[in-house]
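In the part that follows, the structures are each spelled out as structure tokens.
What follows is chain A paired twice: with chain B in the first complex and chain C in the second.
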Partner chain A sequence: MWKDLVDLLFQAYEQFSLLPLFIEIALAFIIIAIAATIFAYGAILYKRYRTYVHEKRVAFISPIIEELITDQVLLNENLGKDIPTEEIEFDKEALSNKVYKKPFVRQILIETLIQYRKNFRGEVGELLRKLYIDMDLQKDSFAKMKSMRWERKIKAVVELTQMDISISDVTILPLTNSTNPSLRAAARNAYIQLSKNEPFKFFDIATEPLLPWDQLEMFKIITTTKDIAIPNFSRWVSYSSNKSVVSFCLKLIAHYDQQSAIPAVMELLNNKDHYFRADAIICLGKLSAEVAEEKMVRIYNHQPLNCQVEILKAMGAIASGKYLEFLKTEFLYSSNFDIRMNAARAIIKHNTQNSRLLVEELMEMTHEENQLIIKHCLNPLIKY
Partner chain B sequence: MHEFGGGFHLRIKQSAEKAINRYMSNILVIEDDDIMLKAIRNILRKDGHEVLTAKDGKEAFEKLDNEQYDVVITDLMMPYANGLEVVSRLRANTEKRHVGIIVCSSVGNEETITEAFRLGADDYLKKPIMAGELMIRIRKLLANRSANLKLVTKKK
Partner chain C sequence: MGTTFIEYASWFFETTVFIYGVGLLLIYAILAILSFVNIRLFLRKESYTDYKVIVGSPLAPGISVIAPAFNEGLTIISNIRSLLTFDYPNYEVIIINDGSTDDTLQKVIDEFSLVQVDFAYDVKLSAKPVRGVYKSTDEAYAKLLVVDKENGKAKADATNVGINVSAFPYFLCTDVDCILHTQTLQMLIKPIMEEEKKRVMATGATLRMANSCEVDEGVLITIKAPRPLLARFQELEYIRSFVLGKMGWSYINAVPNVSGGLGLFDKEIAVKSGGYDPASFGEDMELRMRMSRYVYDNKIDASVRYIPNTLCWTEGPTSVKIFMRQRTRWARGLLQLMLAHKKMLFNPAYGRVGLVVFPYNFFFELLAPVIEFLGIIYYIFLIYFGLVNWPYAIILLIFVYTYSVMISTLSVLWDQLTFQYYRTWKDVARIAAMVFIEMLIYHPLIVVFSIRGYYFQLTNRKHSWGNMQRAGFKKKADDKVPKNTNPAAT
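Showing the complex of A and B:
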């Protein structure tokens, strides 16, 4: 039989080699296309079958898991009796059910517990965590941490973070500097949430950038995590060689109003990178750093437009009143529209007797376009 | 005072008496997250309440039309109609405006919370919630409601 098949193939090849070249190419393309289509259909069918099997398993196991959580946690008789959560015991027989030894059941159990933890805190939340620990599910999560696949590592990090299980620095710190952006972000977020004493220690070793979206996520976590130890961020402003870390720290300094960081931030005004300088100026403005005004005015003429605009905005935020003359000059004599607009806004933001008199004076002495700018800035309904 | 007259008044009185006597009440839980829905139902049933559930705004409106409830616990972001629509529709209905409403959502911004209270929600719980807190708030809401209704009855 094999011999016949080989003969047939050989004959087909001979026939094929007799065909003109363009027909040969066309046939080759047709064969490749048919093979690729069959492969793609096969892959889709296989994936669908796997999803179907998984859904069937989930549908079968979910009620069992929900019953376990309802009986052991939600309807636990010891809830609300002022008994410490650590002392509340679960029904060992229910927990030792053979079904909970299967890996896929344990994974669904972990996911369900996380889902519950997202909805419940307090005693119920603590009891869900205890159930996770008592069923040794953290071992499954730690096993996933050792996986070579980054998706499994992320899964493990998220599971342990959601269940508030501490991960050793040796394991998590290298992940905070991973070359994979998703894993890096998950590890950094986990480190902030889990580390009680030094949640920002990974800034020391961070060589990979903090992407804007990561910064946003991290900021949300920092501001919503309870009992987080907030350090003095000027430490990284002074010593970190990672630009994105410094930029993020400047935002945190402004958010937490860390006045002690002003000297370190002022040092950045000498930095060669003008984006950095602009970030530092914004930070000084938000800190209302009056001591920085003199330096900002001194360097003003040597700055690019973005830094000049930020200096004017910062002066409006600081509003010490010492540099109204400077602002007046910029407003009257600058040829740049943005400069005039921000100078006017800075004067108005002072909101003092002197600044109000100056605005009136400017309205009388300046030309029509500048008058329009002042009117625009005086309107409290217009923000930009 | 048209809305407090006749059969409607009697229904409120009966409902209030029921709540005063046992703190047991008829509660509708509107929540699109299946896990949360079942969890709240189990917790409230344990506390002795009669609990009905709805998975979205559409189902909620159907159930609200067909039955009287003492308390409605609603999520905010749901398919078909959001929680704020449920609150405003309940408050706009003269026969059902006495229902106690607790909004239970993970949305925590000031605007949404203020809007929920402005539309007539009695309480707002931010997820993750504490089961004990939910039960106490329901009891307090029922107690306040029944006290108010007693006052209205006296005035009549």
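Showing the complex of A and C:
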């Protein structure tokens, strides 16, 4: 029987080899296409089935985990009795349940604990952390840290950060300069949250950029994390060669209203990069740095449009009243619409007797389009 | 002599078609691999992305959402309410009433307590005159700006006005009746904010058919595969085009088109490129090409990015007549675009756009229907003269059919591997079934309508826009004309 089959295949091959090349290719592709299609449908079925099974398993295990957390943490009878968290003991029998040995369950447990810790601070938050440690879940996280896959490393960094488990500088600092942007961002965020003494130390060694999306995340962490030691960010404005770090520090200087940073920020007005100069001007405006007005006016005529617009906005924010004439000239004689619009806004933002008189004067002396600009800027319904 | 010529012509045609076919099949195979790699990379990043960081952040870039409306009186209120629900801290919604002849404007004025305001703006892009600008006296609608303008007979004209009055450095172009995900803005701005070296000039995401979805007050309640056959074919086409095609192209920074239904653009580049062209039948693809020309001419290292998430649901036509009108217009737009930017073809000065995107569009989008049409005529000719080797012909037909089934099935698989928008097996089966009959029913329609579009364009036939009015979402979908959400250029 086997011999017949081999003969048959041999004959088929002989006939196949007699066919023209393009037909041979077509036949080969037909077989590949049919196999790939069958495989694709199999994969769709498998994927949906796996999702279904996963959901079922999560649905089964979640109540058990919730019960554990409720019994051991939320309803722990030692809570509120001024007993130090580290001295509170959990029910060892409950923790040693076999189900918690399974990697899948342990991962769900970690994720659930993280969710709870986001909602509970204080004693309950500390007890959740203790549960994480007592169940040796940090070992799982540290094991992920050793993985070659960057997304596993990120998962580990996030888990350890959320559970406030310190990671040694030797491990985390190199990651803050990783060439992988995602890993780099996660490591930087972790470093800020975990480092008790110098959370911004990595700024000193940062050679890789701090991307705008990462800045969002870091800004939120810095401005919402309790007990974080906020340094004077002008240090990096003056000395960092990483443009994105300087740009981010300018935003933080403005947010924390670090008036002492004004001289360092003003130095950036001489920088060759006009985007950089624009960032510095925005910062000076937010700091209401009256001392910078004179320099901004002096350099104004040599600036590209984006910097000129930012100077006008900054002058509106500072609103010292010293340069109303300058603003008036720009409004009346500039041929650029954005300049006139921002000059008008800056005058109106002064909101003083002089500025109001100037607005009235401008309404009388200027042409129709400029009058429309003033009306636009005066209308409280128009925000932008 | 005559026989020799026919033989020579036959040989030439067959060889050309063979090379062309192999090239097309190879491109689809490469796209399938690239999209798979790109989607996996996206999902790995996505698994720990917390979009909440942008909600409430003072560092979020401003985005202007621009949505033109023409005779949308039936649905305009729920459409605007839907657009005002984005989870994003820094945006405005600009509705352009493009000279509606129904009560669209009055309904909006009444519902949102609008008053006419003196609004100054710079006319950076030319468009039909503006009749009035309206703002709400209700603080709850402070993000809303309504512009009433004369009808420009094109979405492009209205969008240009929206760009002129917009306040922010990025704008989202959409259609007022598209249903957008509440996280659309944060998801589309992310590729711009996380690009290390290039300036991202546009981002887009997947569009799908909303025909059988349950919608309440402009908000999507339940996602379902379309029931009408024509809409279901389009759903499959969109999945293949966006999830497999555009994600593949995005991986090598060669996205040919950002759909008119949903695209986030860098305003500075769009304006400096001249904005949308109201005379174009495919203004979305045309703008993308012009933006590319601008960035290459000015030595700006820029890119276009796509994400696989479905963020926009749109109604597809369910009648052949309206579908024909739509595809004829798209085909005209493609031919128009190729002629207008022919300088870019194989021009190394335009980098990947000149050497990859444009040649792909030319050979495999523009010429594909023509070659298929000629092939059918040639086949008939061969049959008539008894020159067909039937066993070989059948093998080749099966080859093309199985290959096309494989590519479409892979796109459904990629889609299922990513988000599994359909919750039931039945919905997946409905789409999967289309894979086997698409080539026999839907594809011939596309070829015929494309040829029709080319013919109309070459003979300069006046375009009839037809009735663009909508009946709004209902449980039983009516025939509607879709917007310019052309997924064709994958």
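The definition used in the following text is that the second predicted complex is superposed on the first by the 328 of 384 C-alpha atoms of A that agree within 3 Å, B and C clash if a C-alpha of one lies under 4 Å from a C-alpha of the other, contacts with A are read in each partner's own complex, and residues count from 1 in each chain.
Operating definition for what follows: a residue touches a chain if its C-beta (ideal position, glycine included) is under 8 Å from a C-beta of that chain, and two chains touch if they have at least 3 such contacts.
All figures in this text were calculated on a predicted structure; none of them were measured in a lab.
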item: Three-chain arrangement built on chain A, chain B and chain C clash or fit; value: fit
item: First, second, both or neither for A:L95, with chain B first and chain C second; value: neither
item: First, second, both or neither for A:Q115, with chain B first and chain C second; value: first
item: Partner chain in contact with A:L183 - chain B first, chain C second, else both or neither; value: neither
item: Included angle at chain A between vectors to chain C and chain B, based on C-alpha centres and rounded to the nearest 10 degrees; value: 90
item: Chain touching more of chain A, residue-wise (chain B, chain C); value: C
item: Which of chain B and chain C A:A43 touches, first, second, both or neither; value: second
item: Partner chain(s) touched by A:F337 [first = chain B, second = chain C, both, neither]; value: second
item: First (chain B), second (chain C), both or neither touched by A:E123; value: first
item: Lowest C-alpha to C-alpha distance for chain C against chain B (Å); value: 8
item: Chain A-touching residues of chain C, taken from the complex the two chains share; value: 18, 25, 44-45, 47-48, 50, 53-54, 57-62, 92, 115, 117-120, 122, 135-137, 142, 167-168, 190, 192-196, 392, 395-396, 398-399, 402-403, 405-406, 409-410, 412-413, 416-417, 420, 425, 428, 432
item: Touching residues (chain side chain A, partner chain B) in the complex; value: 66, 70, 74-75, 79-80, 112, 115-125
item: In the complex with chain C, residue positions of chain A that touch it; value: 20, 22-23, 26-27, 29-30, 32-34, 36-37, 40-41, 43-44, 47-48, 51, 151, 154-155, 158, 181-182, 186, 209, 211-217, 219-220, 251, 255, 337-338, 341, 369, 372-373, 375-376, 379, 381-384
item: Contact set on chain B toward chain A in their complex; value: 33, 35-36, 38-39, 42-43, 46, 127-133
